[in-house]
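The following block contains the structure, expressed as structure tokens.
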Amino acid sequence: MSHTASVVGASGFTGGELLRLLTSHPEFTVAQATSREYANKTIGSVHPNLRELDVRFSEPTDLDSVDVLFAATPHGVSMEHIDAFQEAADTVVDLSADFRLDSEAEYDEWYDGHSRPELLEESVYALPERNREELPGASLIAAGGCNATATILGLAPLFDGGILDGSEQLVVDVKVGSSEGGAGSSKASSHAERSGVVRPYAPTGHRHEAEIQAEFGCETAFSAHAVDMTRGAAATCHVFPDEPVTTGDLWGAFRETYDDEPFVRLVAGGTGVYRYPEPKAVAGTNYAEVGFELDPSNKRIVVFSAIDNMMKGSAGQAVHAANISCGFEETAGLGFQGLHPVGAP
Amino acid sequence: MSHTASVVGASGFTGGELLRLLTSHPEFTVAQATSREYANKTIGSVHPNLRELDVRFSEPTDLDSVDVLFAATPHGVSMEHIDAFQEAADTVVDLSADFRLDSEAEYDEWYDGHSRPELLEESVYALPERNREELPGASLIAAGGCNATATILGLAPLFDGGILDGSEQLVVDVKVGSSEGGAGSSKASSHAERSGVVRPYAPTGHRHEAEIQAEFGCETAFSAHAVDMTRGAAATCHVFPDEPVTTGDLWGAFRETYDDEPFVRLVAGGTGVYRYPEPKAVAGTNYAEVGFELDPSNKRIVVFSAIDNMMKGSAGQAVHAANISCGFEETAGLGFQGLHPVGAP
Amino acid sequence: MSHTASVVGASGFTGGELLRLLTSHPEFTVAQATSREYANKTIGSVHPNLRELDVRFSEPTDLDSVDVLFAATPHGVSMEHIDAFQEAADTVVDLSADFRLDSEAEYDEWYDGHSRPELLEESVYALPERNREELPGASLIAAGGCNATATILGLAPLFDGGILDGSEQLVVDVKVGSSEGGAGSSKASSHAERSGVVRPYAPTGHRHEAEIQAEFGCETAFSAHAVDMTRGAAATCHVFPDEPVTTGDLWGAFRETYDDEPFVRLVAGGTGVYRYPEPKAVAGTNYAEVGFELDPSNKRIVVFSAIDNMMKGSAGQAVHAANISCGFEETAGLGFQGLHPVGAP
Amino acid sequence: MSHTASVVGASGFTGGELLRLLTSHPEFTVAQATSREYANKTIGSVHPNLRELDVRFSEPTDLDSVDVLFAATPHGVSMEHIDAFQEAADTVVDLSADFRLDSEAEYDEWYDGHSRPELLEESVYALPERNREELPGASLIAAGGCNATATILGLAPLFDGGILDGSEQLVVDVKVGSSEGGAGSSKASSHAERSGVVRPYAPTGHRHEAEIQAEFGCETAFSAHAVDMTRGAAATCHVFPDEPVTTGDLWGAFRETYDDEPFVRLVAGGTGVYRYPEPKAVAGTNYAEVGFELDPSNKRIVVFSAIDNMMKGSAGQAVHAANISCGFEETAGLGFQGLHPVGAP
């Protein structure tokens, strides 16, 4: 029997992506899609790809009881409304940063004060490739952040395989699309100012460093840049292992970590136009592409990782986590393979 | 029991799109994907979205027997190899222009000489919204061209509803993405020269006029422009009916023609950002959006139509036609709803 | 001796373009650049290309006496402040729509009520290729609108040469960049929603029709579309002359009208990638490219016209008009040739 | 009296940019523009921005005597024809990589064998901000490469100011536009495949590392990525000084190095949309923007540098060098300030 699901904050970009995934998901039925701003308007008036759905946004104040509630609200909103969310649903999957970190101290280091710090320990961070065993039965799941997900998936095999131990210098240079800024508007995000950019964004102090640090137990030198695409996050990691490695070592490490993963594609050493991970190749999908190249001259490993920030970086990851939590097939509702060719995704 | 299908010319853009659709289609199993240039290479080396498929291109010279053969070869190739295609398959669906027109005279007016003119009458032109009843059991199906499809779907309700009778001036101004040029390369299609363009392309004498003329029995004043997207064709038609019409008349005509169509969305009179048909809203999908606006001051109807040229304009249309021909659900394998937001699709 | 000039509304897009032109103009010295929002901030904090200028925005309430005041304010502002502008300057060049039309009746047909209608007759519309003789000594000049300029320059030779007389059907299909919307922000103009679009914009009732009608004395069937570029307006005009014409007739008409024009390039019948007028080819310049193609099959002339809406469509046109008004070389300060290659301009 | 100049390889992208600069240069007159492929065709048939020039390409085999010959040919061509170039001109400015390095050994490490190695020592590498004193009277000048120029200009203040000494780890992550690939065509550079990319390009072993190494005497960990713009190179350098530094130290170092430089803009610590160096802000100009941000948490300095690869990265740099070599004003012919807004430059 189908599970019921609601999306709170459904008029935003990740909310729309959740609706897209859930309405064609074999195991979920959408009960409510809330939006304060667009309450009573059709979903298609905001998300043109969902015009066939004959559903209207509802007020977020009157939540139905459902099996799973997905919260796609701006940072800070979930912690205010978490009691209502948890009253409405057995499982809450939050896509904001509110419950990603493990302690109040950690949260305060990167954000601005948490109103429900006691829930930080209880909540389960969801990057299924790293911690799927914690998800079944979890009542509060925090889907991992886009840039953190891209970085963690790229570097994980090096830690898993003992090539890095956290004492090395890790430089992470991320390029992101405009959907990371959400559905609002500002001068900086207007088309005339934002198109064609290579624009440093939070070159120091980016909050997603916190999640990476929580995963690997070490700092990264992290910078992000806005580039001219709508969807996508691509992380290039420059790392310098203490001991010499070979390309064979790297293949071994990446295969060991990812050979059984349904959503990770290892892209390295190929031919043709697409020889490295690229956001274009995964646009609209829940796949991550990861790869590497060894620079013998300066003992550097360059690691590449590319995701769709709206999918593997948020809504897709959230549905993947919910699938595991609910005991569904991990890939249920996440089968879209992506397009070729595709422009600025 | 599943039907078998082959794709000839599978390394091109429409060939890749066919593979994408057929490999996740509930009724088809892909037997062969041929490519002269990439024979024995993996499909994923050309189409990065299909990296999971553990399939290699085969030589086009040795065709397996299948239920349906899709030919995604450049114009002129299918007519040369049609005997081999028909020997291999009960049903051949051709995506080129080779079999779209009905007579040698018509063909010679727009193209350069047909080697198998006797097949022109036998072949069935496929734009399912216009002639789905001709498709069941057809042995040679010619999927409609992208710009013609966009134009015909936009104007059809006006002809169906008696608002136009073919004696009026019809101006069609189409904007198209770069995938229409196929997977080859040229100076004009290089990124540095092609990005950011509004570039007239075949402003007179465009060959797709032939298909429109065949449908409506009258000429159109047709021009195309390349714009900065990869996928998509948007037709704006400016038409001047002899008798005054109201917006209500137009709603009536469009609803009458399209209310039961699974792949046509009527977009007119709405609110928000997406108030008219747009290629972005249908990128990756088999949907066409059609709409209209009445200009009372100059007695003009402006008709809008937007499709993904790779889908409703070629591969999606071909699969839709094959679904009908084989007796499957019309929408089988064509359920993708599209993305929001999405960049240059 | 150099003339002094001020720019009111200098933090907007056209205001910034005026500053760029005037600060490197051989005959003008910039006295003031006003901005209510950015008063006392450096010009470079808004217009990054002007970072070398050690100038700050001033309040618009305290205007210096100058020779020429350029008003680059939103529609409706100039008519409110015109007395202050005219007190400050001998010549006011307004870039808004406030003084483009000739009578209150005309204005009310397209806009919302004029507070100083008595000035409409006095003001001089400036599209120098059409009326440069009216500009010397004019005290109130209204620079022509971008889409109107593109359309008028494209069609003028056909009227000048007697090929059209105003009784024919004229269809004008314009494609425009995002800078036409100005420096503000909205959901529709955000990068994620605006990139990659072919989006109908004012497909009927576009206000620039008023200027075209004023020039040629007849209506046009005018529609605009937003496409993925920042600068640029490209008009494709489909016209159907009563009498048959030849390509030679068209060459004759276009040469007659434009052979001595310093800012109009006739682009037709060439080879290579750039065979028709294109906005890319004139980005950043005051040039208009115009061209044509004859469609013998349906007796249609397709006319193309491409400009940079920020230059020939506003700031460049304004400086061109001021040059004539002040008795300078027409091309003074407007010599930039544009770039090749250039992306989405 | 004006100097004469020729451009060999004038149909390429950098050749066209040289023609643009030289034809509006106050001190140069263009004698010849050669192109094997387009000989006898008009310059405007290839470079649409130069349509007003009534000049045709000539064969490269018959060179006039000129004061300065600019060679904008592919790598390897200049070394073959250097005797003819030097016979034709007192000063040869080469824009290829042929004469950038100082010794055959160095050349062989990064390229494939030099046919005239004895000239490597004689030639003068031109990055005027670093070695303008070597340029007057030089007979063979090698203009610096685009990515190397961006990187060197970004890091130079740190070396000049003693913050780095070459023993530190230097990570350089560069984002480049499609014009870096030149005017040819390939599948990878076709619009459909190239648009919207974040595509690693030479992530290890990039040849421009050689120039950086020659400047600073140390290795860099250098990777490049293709992104969706036509012009532009943006270098983000992550460096880890041995001793702690303050933001004040960095301001001091950057000001000391660049305060008198006419083409370097220091962009750091500002407000508004453009707070860091960006390629958009310098598109079409000879400016470099450089800036920095200190990351106290991991003792990293992030250095940003942005240029137009066609200008400061090649043709503009070459003209700048020629200006110095000939004793002209350094900024002669290089005054264009750039545009705002501008799309994908």
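Letters A, B, C and D mark the chains in the order given here, with residues in each chain numbered from 1 onward.
Here is the rule we go by: a contact is a pair of C-beta atoms (placed from the backbone, for glycine too) under 8 Å apart; a residue touches a chain by one contact, two chains touch by 3 or more.
Remember, it's a predicted structure, so these values are computed and weren't measured experimentally.
J.: Using the contact definition stated above, find the chains touching both chain B and chain D.
T.: Touching chain B and chain D alike, sorted by label: A, C.
J.: Looking at C-D, B-D or A-D, which one is a repeat of the A-B interface (more than half the contact pairs shared)?
T.: C-D
J.: Which integer distance in Å separates the CA centroid of chain B from that of chain C?
T.: Taking the average C-alpha coordinate of chain B and of chain C, the gap between them is 38 Å.
J.: I'd like to verify one number: the distance from the centre of chain A to the centre of chain C, where each centre is the average of its C-alpha atoms, in whole angstrom.
T.: 45
J.: Name the residues of chain A that each touch 2 or more other chains.
T.: Chain A, residues with two or more chain partners: 13, 177-179, 183, 187, 192, 195-196, 228-230, 273, 278, 280, 341-345.
J.: Which bits of chain B are touching chain C when the two form their complex?
T.: Those residues of chain B that touch chain C are 169, 171, 173, 175, 187-188, 192-193, 195-200, 203-205, 219-221, 223, 225, 227-229, 232, 234, 236, 238, 240, 273, 276-280, 293-295, 297-298, 300, 302, 304, 306, 341-345.
J.: In the complex, go through chain C and note every residue touching chain D.
T.: 13, 16-17, 20, 23-24, 41, 45-52, 177-179, 183, 228-231, 265, 267, 270-274, 278, 280-285, 310, 335-345
J.: Name, in rising order, each residue of chain D that touches chain B in their complex.
T.: Going by the criterion above, the answer is residues 13, 177-179, 181, 183-187, 189-192, 194-196, 228, 230, 343-344.
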